[in-house]
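Below, subunit A partners subunit B and then partners subunit C, in two separate complexes.
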Partner chain A sequence: MIDLIEARKNQVYVNRKDSFNIECDKKSVAGSVSQRACVFCGSRVVLYPIADALHLIHGPIGCAAYTWDIRGALSSGPELHRMSFCTDLRENDVIYGGEKKLYNALISLIEKYNPKAAFIYSTCIVGLIGDDINAVCRKVSAEKNIPVIPVHSEGFKGTKKDGYRAACEALFTLTGFDNESEVPKHSINILGDFNLAGESWIIKNYYKEMGIDVVSCLTGDGRIDEIKKAHRASLNVVQCSGSMTFLAKLMKEKYGIPFIRVSYFGIEDLSEALYEVARFFKEKELIDKAAELVGRELSVIYPEITKFKSRLEGKKAAIYVGGSFKAFSLVKALRHLGMKTEVVGSQTGSKDDYDYLKEICDEGTIIVDDTNPLELSHFIEERGVDLLIGGVKERPIAYKLGIAFCDHNHERKIPLAGFEGMVNFCREVYSSVLSPVWKYSPAYRKRKGGTV
Partner chain B sequence: MLLRHTTDKVAERSALTINPAKTCQPVGAMYAALGINKCLPHSHGSQGCCAYHRSSLTRHFKDPIMATTSSFTEGASVFGGQANILEAITNIFALYDPEIIAVHTTCLSETIGDDLNQIIKKAYQEGKIPKGKKVFYASTPSFKGSHVTGYSNMTTGMVQYFSENTGKPLKQINLIPSFIEPSDMAEIKRITTEMGVKFVMFPDTSGVVNGPMDGKFHMYPKGGTTIEQIKSAGDSSFTLALGRVGAMSAAKLLDTKCKVPCEILDLPIGVRGTDNFINNLRKVAGVHVPDSLMMERGQLVDVMSDMSQYTYNKTAALVGDPDILVSTAEFLVDLGIKILYVVSGTPAGPKFERRIKEIAGEGVIVKTGANADMFYFHQLIKGNKPDLIFGNTYAKYIARDEDIPLIRIGFPIYDRVGHQYMPVMGYKGGLRLLEKILTAIMDRQDRDAPEEKYELVM
Partner chain C sequence: MKAPEKVIEKIADPARNTCRLCAPLGASTVFRGIENCIPLLHGSQGCSTYIRRYMISHFREPVDIASSNFSESAAVFGGRENLHTALDNVIGKYQPSLVGIATTCLSETIGDDVSLYIREYNEKNKSEVPIVNVPTPSYKGIHTDGYRDAVISCIKTVSKDNETGDFINIIPSFVSPEDLRHLKEIASDFETEAVLFPDYSETLDGESWDSYRKISPGGTQLNDIARMKSAKASIVIGSSLSRSGLSGSLSEHLTNAHFMNLPIGIDLCDEFFAAFEKATGKPLPEKYSAERNRLVDSYMDAHKYFFEKRAIIAGDEDLVVSLASFMSEIGIVPVICATGSDNPEAVKLIKKYAPDAEVMADSDYATVLDKARGMNCDLVIGSSKAFYLSKNLSIPLVRVGFPVHDRFGSQRIKHLCYRGTQSILDNIANAIIEHKQNSSNIGYSYL
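Coming up: the complex of A and B.
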């Protein structure tokens, strides 16, 4: 193994060979080329898909510029979320405070756009200069008669996970308002799906077919009015558990809504998700419908997957994603393609997550928390990996190494959730791994026994 | 209709930026630092800043961008980030072994008031910096300037820390480019080499952020100016700064610190911009312009005249970074294109405004700094539609809504490739920019032509 920085030694684990327990939930070591982001980023990605809300960033321009329309969270209606609003704090504001600027910005934006609610994101600098954004929000809310919600997402206050938490707290304040509109008997909320490339729509259709209504999707294709009645659903179905379990817990405490954790990615996890939701309502009809749906879809996608598998069998993969739930599903999905996961890691996995990962991975798989490019590229070369699955910062590393890549993050352009998503995933892996361009890669030629 | 929310009436705004036409200083500083050989940029702030800047540069260059972060915590924000950066310096040299760490600050560390000069001194004293290795910093709070001034501050820092007048003059000239593409930096070097002039250029990101695929991950790609070269800039005979906002400050400091005289030029875009650059190069280095460059110039002018009927009297609106805007505007005017609007989020000041008016006439609307954002730019366009828009990727929303062709130029470009490898500067680059313009105009003409007027020969 390469020289790991001393403080990182316990965050890298070779499955069933190392004896220690992997360390996680740590701040990145100062000075590492971490792939992680901050609290603000966590809050921003969770709340961003709510399309009829105003999202105002109270801070310097960078925080707004880097989060302007970067995530393909689709909306079926309004697209206010794709605009970038920022108080653009300048030196004077840092000295004299930015409350007045925030107030004026909010008033003029609400008058102009009539949003259903407004989220005000607090950034590092606001945490330092001590603007009382709660007070400003309360004032504007009273004047304009819409929810104006402060999101306490100062970047330095922890990791991206703490940002999820701040977002959950903000969302929670929106629940419990609408007790009048009708909510059907078999109803759920989808938590933790962000409608990237339209994935929420696929999942919603499954539930619809099963006879289950989705009261609110948090936050994919999200609407404020739906969130206001979310507390009246019978069950919270949590995907991407890292981001939304906290909200599910809050809602359980206050409204008594039970929750389950699922993944809509990969055949087993997706089928199990649908069955589990059906079982919850304890009605045979729902379970039968789920079985029918799963059976039908599988009969469609299996032959396709088998075709891909015949060409991918024996190839090796590395996975480095944000949330660990995604990693679980990916390990399983790759197995369907006959591919072996050599390296797997996440930015935000917890102890339990890594224990589970150890269970489902083969012996010898390298499991890593909060890795960096040097480590990652080293493991990829060492294990002769053919495919890297990751996000924006991992993509060019894979390509420089001359191996295939699949984006499983914000920048995915095709839905990877659901049964059709599984086929899309297989096709993407297939077309990347078998692309003719790799024959120009020295790594490829070496693997094929040629000279570099 | 993504931007259906844009109204055509320009309203006064005091407290608000909508759809920015700039980003923050640190990303520019990170980019400049990548232009030093074996340098690891370091972001002294929260983890998110570094992640965002790396993502942003990665999306633009489609190459791995390496940088480290101090990973500020709540504690650091109360008690200062000294412990974080000292720990970071130790870790960085132990694990990544760069020759040099270029620290830039963020709004967070600036507001806390970390004294980086003193902290870096301490790191040297305590032996945290291995022998022969270097650490330096630039102040780049996000609440001032823009990515272009951040780039300028980091470049100025290079002079401040490393350039030295040893009293032994060197027969070389300094070239300091503004925030431009690696392809353009390479083209400027090619032209200078073609002229037979010995030079030092910094920063130089060519070969760093547009490297080849060779099956290896290189933490430090081959490109970049070495510290020795930056040091020797203090002994050079002259400095040409290319781009006032991005390059002047470093050139001026070389003058005051090392007594190297300088000339501040516009970027060499188009005929006049490139003529001016080559002419200055010729004068200060005492060389002749080779036939090869005259040939390139002639070819550019040839296509400009061949196709002048397509460009003449067209109108354009420009948004982006000030140095690129000035030179692009000048080229467009030479093509007979009338410039309606020029908008930059960078606070480029009255000099910029004067320069644009000098080039494009008094009728042009120029706005920079606060409220000079894409929303305002869109409002102007709704009022009077130009034939062409010049801007970064974010201008694509406006281009789509208003059905106007967009020529992508500046930073960032997330949705096309080419800018990393093919220049728009110099005569050859001018030809490429002209090709883009003509293709946009002619594609539009083809698309909109009634069948009987759909032409084969254009």
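Coming up: the complex of A and C.
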């Protein structure tokens, strides 16, 4: 058995073999080489896709450099979100304060780019040098007549999840403004889809076909004016629940909008996401349309999936992703391919999430919270896994061990949501697992009992 | 007499699509070039994760960088406890030969005394694992500064004074793993014993494994770093390495050091090999004069593609300096030379090689783009980040340096010496030809 860091011993479980009371929702252990990022990262990824806003990072350059054009979040119009703006604080600013620099940066950038709103992200040292960001934002907002919203995302003030929360708070301040423009009868908001590789468009089209309009997608292909009227939708449909449930709760409290949690990955979860919205409006026609859509799409994709399944049946997988809802869907999606999940974990899962994960996973599946390369590689080797699903940071672990890899992170360029996304996902898995290259990998040969 | 200039306090413009990366990235790269070393960043979790992701996307190798993972209370009361826990865990789990600590904006701003924390740790735990500490606040320097300061800190901490030995040091600035392999090959062809530091040629461009390695194999051995001060000569390439920074300067620790620019282009390569001959006392191996002459031959063959073509060079200062020199040799006019570094010496050097160029120091890509519009530029040479220029100006990009995360084989880009120059020359010529071919309706099949 693996020798875990003492403080992490309750963050790793073998399903239904160990007594299950997983520890999660805690800060990563110092020196553990966590795959998580920081509070700032959480805020930045959530707000990033809002395409007509100015995103200004208040701090030294690093935080801005690493998040320039980082997500595959597409826009159907403006692309201001793909620029990286930073106050680029220097030593004198750290000593004397960065408020003036922030003010000047905001004024000059707003004049140059005409954004509909501006988000100002605080980084670590801004929290230390005591800049009054709120005051600067208020001042600029009054002068330039656009919302200028501080995002309190100092890296050390919690985990990535706290960054999600700060982003939700920032978004919430934008809601409740537009009570004039027309909002259709059957209308929803999509929360927590980021339009990676155009996924929000796929989902919006499904709802449209059912007769349901999306008032605002938060934040995929996002626009400030849409967020301003989001409070007038009838239902909030939360996908990436780890990041956006907090906003849904705030909106429920203030505007009385109910919310449901869904996932657009995999057949069951996606179908349920469509049915559940249809059922919410309590009209038979909507439910019939959902059924028709699901039936039609399934008849198209099933034969394709069956082909992939015939080649993948019996293979074993490991999943390590940011959010736990995605992990649920992936466990189920892999079953359609006849693949068994041996290891599964997330960076930000909650206690409830892990309880559910335990329910849907087989006995013996290893469940991990906030894992690291040493643990992950150990479990992959121990279980003889054929496929790892993760992000860029996990990819070299898979390849060094001579196993297949599927990128399910926010940089992806291929849509994996929706029915067509399910086929793409299967093809991604298939084209990596069945590649002829593995037989040259020493680790693969060792696993198969051959000579290295 | 000129009146003294009035000092006007100008507030700097915000960075728009930055040319700079942060100092801990440079330091981490150096630490990855030491055998069995694990880098540890003293700050927030995000610093190490972002840097890991960035480096992995370029090198396509595992890059483990630990973090002391500050909490709010650590930011208030100091990061001692976090650093000690982090050291316990990385030493326990990775069993490293060396831990390389780089600070971050956060730990520097609160004034953590990392050297003191390390002494306390060693005393308390009777730990014998050497620990190097390098200050890398990114409000004071960029990745190339962090790189240099880490090199200096390692030599300062690990190397001992000894009698002069019969070997040389080769200390390159931030180049590719392929370049590092080439430098080793050159030393070997000169039949000279050399310590190459840092050496991430294997750790960041490694082989396929039969089982998972906690720390990628390869790197400069600790006992080699320990003897660097006693080398009979040192070849230090990359002008950023010649300057002093937060860890002092390299020249304090080396005797008979040849500080020079990255060897790109005939002139700079000739200077480099002359220094090599002087440092080793051995003549240039025939193989390299042949490479040189083939390169000269290709200068003749390709000169018409290049003459008076207008180029933008953007990237790390060392690369910009040497590319400016090389481009001028082949008849390309560098019209804009841009770098994120704000160092006046770099500006002077660039101006020396590209006197007509608009030199933009401490710059960013959006400012470069504003400047470049209307300047009729023909090509860009720079990292993947310069694709922003290439796309907006509809001109080709020749990818060099770091990061290159929109193409394959970034670890194996050749930059240095006659061979690297040859490769860059071929790529520039082909980029120009391809652009002409693709933007013509004629369908040229000979060009």
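We adopt the following convention: the second predicted complex is superposed on the first by the 447 of 452 C-alpha atoms of A that agree within 3 Å, B and C clash if a C-alpha of one lies under 4 Å from a C-alpha of the other, contacts with A are read in each partner's own complex, and residues count from 1 in each chain.
Basically, contacts are C-beta pairs under 8 Å (C-beta built on N, C-alpha and C of every residue); 3 or more make two chains touch, one makes a residue touch a chain.
Remember, it's a predicted structure, so these values are computed and weren't measured experimentally.
Novice: Is the arrangement of subunit B and subunit C around the shared subunit A a clash or a fit after superposition?
Specialist: On the superposed model, which is not a single observed complex, subunit B and subunit C clash.
Novice: Would you check which partner chain A:S28 touches, where first means subunit B only, second means subunit C only, and both and neither mean what they say?
Specialist: Both partners, subunit B and subunit C.
Novice: Return first, second, both or neither, reflecting whether A:Y440 touches subunit B, subunit C, both chains, or no partner chain.
Specialist: After superposing on A, A:Y440 lies in contact with both subunit B and subunit C.
Novice: Contact-wise, after the overlay, does A:D93 reach subunit B, subunit C, both or neither (first, second, both, neither)?
Specialist: So A:D93 meets both subunit B and subunit C here.
Novice: Mind working out whether A:A105 is in touch with subunit B, subunit C, both or neither, as first, second, both or neither?
Specialist: both
Novice: Figure out whether A:V277 sits in contact with subunit B (first) or subunit C (second), or with both, or with neither.
Specialist: Neither partner.
Novice: First (subunit B), second (subunit C), both or neither: which does A:G155 touch?
Specialist: Once the two structures are laid over each other on A, A:G155 reaches both partners.
Novice: In the overlay, answer first, second, both or neither for which of subunit B and subunit C A:E79 touches.
Specialist: The first partner, subunit B, only.
Novice: In the superposed arrangement, what residues of subunit A touch both subunit B and subunit C?
Specialist: Residues 5, 27-41, 59-68, 83-91, 93-94, 100-101, 104-105, 108-109, 123-125, 127-129, 155-159, 373-374, 377, 392-393, 395-397, 399-402, 440-443, 445-446, 452 of subunit A touch both subunit B and subunit C.
Novice: Where on subunit A is subunit B touching in the complex?
Specialist: 3, 5, 7, 27-41, 59-68, 79-80, 82-91, 93-94, 100-105, 108-109, 112-113, 123-125, 127-129, 155-159, 373-374, 377, 392-393, 395-397, 399-402, 440-446, 452
Novice: So in the complex, which bits of subunit C are touching subunit A?
Specialist: 11-18, 20-22, 24-25, 40, 43-54, 56-57, 60-72, 74-75, 82-83, 85-90, 92-94, 104-106, 109-110, 137-140, 142, 206, 208-214, 366, 385
Novice: Taking the touch rule as given, give the residues of subunit A at its contact with subunit C in the complex, in rising order.
Specialist: Subunit A reaches subunit C through residues 5, 27-41, 56, 59-68, 83-91, 93-94, 100-101, 104-105, 108-109, 123-125, 127-129, 155-159, 373-374, 377-378, 380-381, 392-393, 395-397, 399-402, 440-443, 445-446, 452.
Novice: Could you pull out which subunit B residues touch subunit A in their complex?
Specialist: 2-5, 7, 13-20, 22-27, 42, 45-56, 58-59, 61-74, 76-77, 84-85, 87-92, 94-96, 106-108, 111-112, 141-144, 146, 211, 213-219, 345, 370, 394
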